[in-house]
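The structures considered in this document are given below.
Heads up, the next two complexes both have subunit A, just with different partners, subunit B and then subunit C.
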Partner chain A sequence: MKKHSSVLLFLLFFSVTLVAQKKLFTKTGLITFNSKTSIEKIQAVNKKVLAVLDVATNKIEFALLIKGFEFEKALMQEHFNENYLESDKFPKATFKGKFDDTNFTILAEENKTVTVNISGSLTLHGVTKPITAKALITTKNKTVSAASSLTILLSDYSIKIPALNKNNVNNQVQININLANLQEMK
Partner chain B sequence: MNKRIVLITLLIILCSAGIYIYKEYNRKPARLNNLPAVVNINADTLISQFVLNEAEANKKYLGKVISVKGFINKIDNQQDTLLTILLGNSLLSTSVSCLMDSSYIKLKKVFTPGVQIIIKGICTGYLMDVELNRCVVE
Partner chain C sequence: MKKLLFALICLLFICPVMAQDTSLVSGLEDENAVEKITGTFKSTRVINAHSTEMLYKGNMDFRILHRFGPVNSGVKEFFGLDNANMRMSFDFGITNNLMIGIGRSTNLKDLDFLIKTRLFQQTKGAKPIPVSILVAAGYIVTTQQSFATVKPTFSDRSSYYLQMIVGRKFNSNFSMQLSPLLLHNNSTLNPTDDKTIFGLGGGARYKVSKRIALVADYHYAVGKLDNAITNPVSLGVDIETGGHVFQLHFTNSAGMNEKAYLTQTTGKFFNGDIRFGFNLSRMFNIGKKKKNW
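Right after this comes the complex of A and B.
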């Protein structure tokens, strides 16, 4: 009995150690943003978000290309790139942050969801600001995924809304992040 | 009589402007099948240009429709919602990552690794790979 317990303890320790060394990543993370006013609803999606989650250090980083955002209307996409985000000048947005107080042993278990706090800095339009958000990490069918939602103010990132469009574009923008099927980095 | 002609002309101008604004506001992003590529380039050349000098490569290709010739090194079909074809040398860590137009998922077209192909897409920049969006096969 004692021998079995020792073996079990060893296996548990071994699997936890393996999990703790993992770096998980995706090149096809999804980020959508929504800006809503009484006149207009603006929505765009970027399907090629690069994200790396370092389980050993609790760090998370992601990067995306501003020109990768796709809109339903071409004019909105052109204005977004040329007048608001100036994507020729600032082609990328990045986030570097950390999960607070997270025990990633959850990654070794099936069908688990845990809520974690993330804090870090978001660089957008050449401006870096600290942000915090809650995220859900889920393990299902032997895959790990992460999702989060946060709100930012365009004015925080020196993104100016022309006076003519003040009623069409909301300064407050909701961002939804969905990193499905994170793969182990080899 | 003159007043009438002026009024009718104004009305025509206003109507035309209204139609133009409505059409322009609702214009969908153009399908790449109908757009000519501004550059035809080999996948390995494109990758090396971005790896060596990203800022310079961005100036040349960012937001442009480009046609890239290369060998398929990987096909990533994510639950039939996202189809990405990676072009370039499979031994290198950087590829040209072509996010295919959603119509290719419906078509269920078969792509084979190792086969040479020409893909046209809009260059959105460089992360771990050189990224092309809304891609179509030429």
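Right after this comes the complex of A and C.
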């Protein structure tokens, strides 16, 4: 019995430390996208991106509401929701992925920047596709921030551009991700 | 037995650690988020009636409306296409909840002014608002020269209206509204007509594809009007192509302002007295929203 309880104690200790392992998150991440054609420049920002970085398991996850994208032109925003992303049907976009790098010791150091590779799956407009991207993780003034950018094709996510608007909307969209001041999850 | 207990306890400790791996973001989502419902109709008018849609701040809507002659006038009149009534209008979005407009019709050279405001917008999420409620008020003046012996004064040629719009987007395809209309004409064409007429209006839209919708609107006039006057019925299709909305329809009313369609419609819709018509809306961005990122 004594042996068992010591193992139990060890297990308890082990699992508690696992739970307490560092998770970083933000509810106010920034995702912007750009699509440019010779006629029209389409830009929008979502300032309420939810992002969680699990340092223990190297996992990363994003979630955002499509309706949270703000455009310069309100009518463009309405068409984005109604005609392209169909945000009534597909209100969310999510990303689930993993870092390739296990070396997160830098999080404890000041003024460091590392580049990590991320691979995972992006769910957008009801379609899930694998994507990869490089991300920069920076520690500065005791805060951790992360940034990345990638390009996706609307056709991959069955977002159709009507023939009439072929010259206004580019199939290729650049996405910039900026997570400033990641908080430690309690 | 002890071993089983031991295994069970071990499992208990390990389980919560594994359970956390399913979704990292679950439980972090904002539960108090309020979502405004947009795109209830494609345009600020269902066909004739004001819809629950508003112009966005800084947008100008240039509208060209046509109502051709009766289709049953035959091939000699090219099924009415030889004749056209027209109305041209400019509407401006002052804020997202307030718009003004000015329009002119060829019929009686009516000039009309509009102010429309949204009191409530349909929302979902925490504390949802089930319907949008809007109020539109307008003034219409006939500017056509009169050859009567006693010329009507400016006041005689004036009409006023107040319309309330209560509408709901039931799902992404189907929207419906009720739009009671109170109209006062300072003078009437027929001396026995009531000067104040109440119109019980209704409209609906059903989206058949992302950019094409079927629309209908109707007003039931309450009040004493000449026997020849009928209630305006319109059925049509909305086609949206980015900055343009084309509304093609069949209607029994030649008039395109509130006075004209409620108290001057003479066609009997179900007797084939229908006209082809269209509303063309072109949106211009005149005041740019400041980029805030």
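Note that the second predicted complex is superposed on the first by the 165 of 186 C-alpha atoms of A that agree within 3 Å, B and C clash if a C-alpha of one lies under 4 Å from a C-alpha of the other, contacts with A are read in each partner's own complex, and residues count from 1 in each chain.
We adopt the following convention: a residue touches a chain if its C-beta (ideal position, glycine included) is under 8 Å from a C-beta of that chain, and two chains touch if they have at least 3 such contacts.
No experiment lies behind these values; they were computed from the predicted model shown.
Participant: Subunit A superposed: clash or fit between subunit B and subunit C?
Facilitator: Superposition result for subunit B and subunit C: clash.
Participant: Of the partners subunit B and subunit C, which touch A:Lys27 in the superposed model: first, second, both, neither?
Facilitator: A:Lys27: touches subunit B and subunit C.
Participant: So in the superposed three-chain picture, is A:His79 touching just subunit B, just subunit C, both, or none of them (first/second/both/neither)?
Facilitator: second
Participant: One more residue to check, A:Asp88. First (subunit B), second (subunit C), both or neither?
Facilitator: both
Participant: So in the superposed three-chain picture, is A:Lys48 touching just subunit B, just subunit C, both, or none of them (first/second/both/neither)?
Facilitator: both
Participant: Could you let me know whether more residues of subunit A are touched by subunit B or by subunit C?
Facilitator: Result: the larger residue contact count on subunit A belongs to C.
Participant: Give one of first, second, both or neither to describe whether A:Thr57 is in contact with subunit B, with subunit C, with both, or with none.
Facilitator: In the superposition, A:Thr57 touches subunit C alone.
Participant: In the overlaid three-chain picture, which partner chain does A:Ala163 touch, first (subunit B) or second (subunit C), both, or neither?
Facilitator: Touch partners of A:Ala163: none, neither subunit B nor subunit C.
Participant: Applying the document's definition of touch, where does A:Leu65 land relative to subunit B and subunit C: first, second, both, or neither?
Facilitator: both
Participant: Flag for me the stretch of subunit C that overlaps subunit B after superposition; candidates: 24-32, 78-86 or 168-176.
Facilitator: 24-32
Participant: Intersection of subunit A residues contacting subunit B with those contacting subunit C?
Facilitator: After superposing on chain A, subunit A residues 27, 47-48, 50, 63, 65, 67, 70, 72-75, 81, 88 contact both subunit B and subunit C.
Participant: Help me check something: in the complex, which residues belonging to subunit B touch subunit A?
Facilitator: These residues of subunit B touch subunit A: 24-30, 58, 62-63, 76, 78, 82, 84, 97, 99, 122-129, 131, 133-134.
Participant: Along subunit A, where are the residues that touch subunit B in the complex?
Facilitator: 27-28, 47-48, 50, 63-65, 67-68, 70-75, 77, 81, 87-88, 91-92, 180-181
Participant: Could you list, by residue number, the parts of subunit C that touch subunit A in their complex?
Facilitator: Per the touch definition, subunit C meets subunit A at residues 2, 6, 9-10, 13-14, 16-17, 20-21, 23-25, 28-30, 33, 35, 38-39, 56-59, 96, 171-172, 210-211, 240-243, 283, 285, 288-289, 291-293.
Participant: Which residues of subunit A touch subunit C in their complex?
Facilitator: Residues in contact with subunit C: 1, 4, 8, 11-12, 15, 18-19, 23, 25, 27, 30, 32, 43, 45, 47-48, 50-52, 54, 57, 59-63, 65, 67, 70, 72-75, 78-79, 81-83, 86, 88-89, 94, 162, 164-165, 168.
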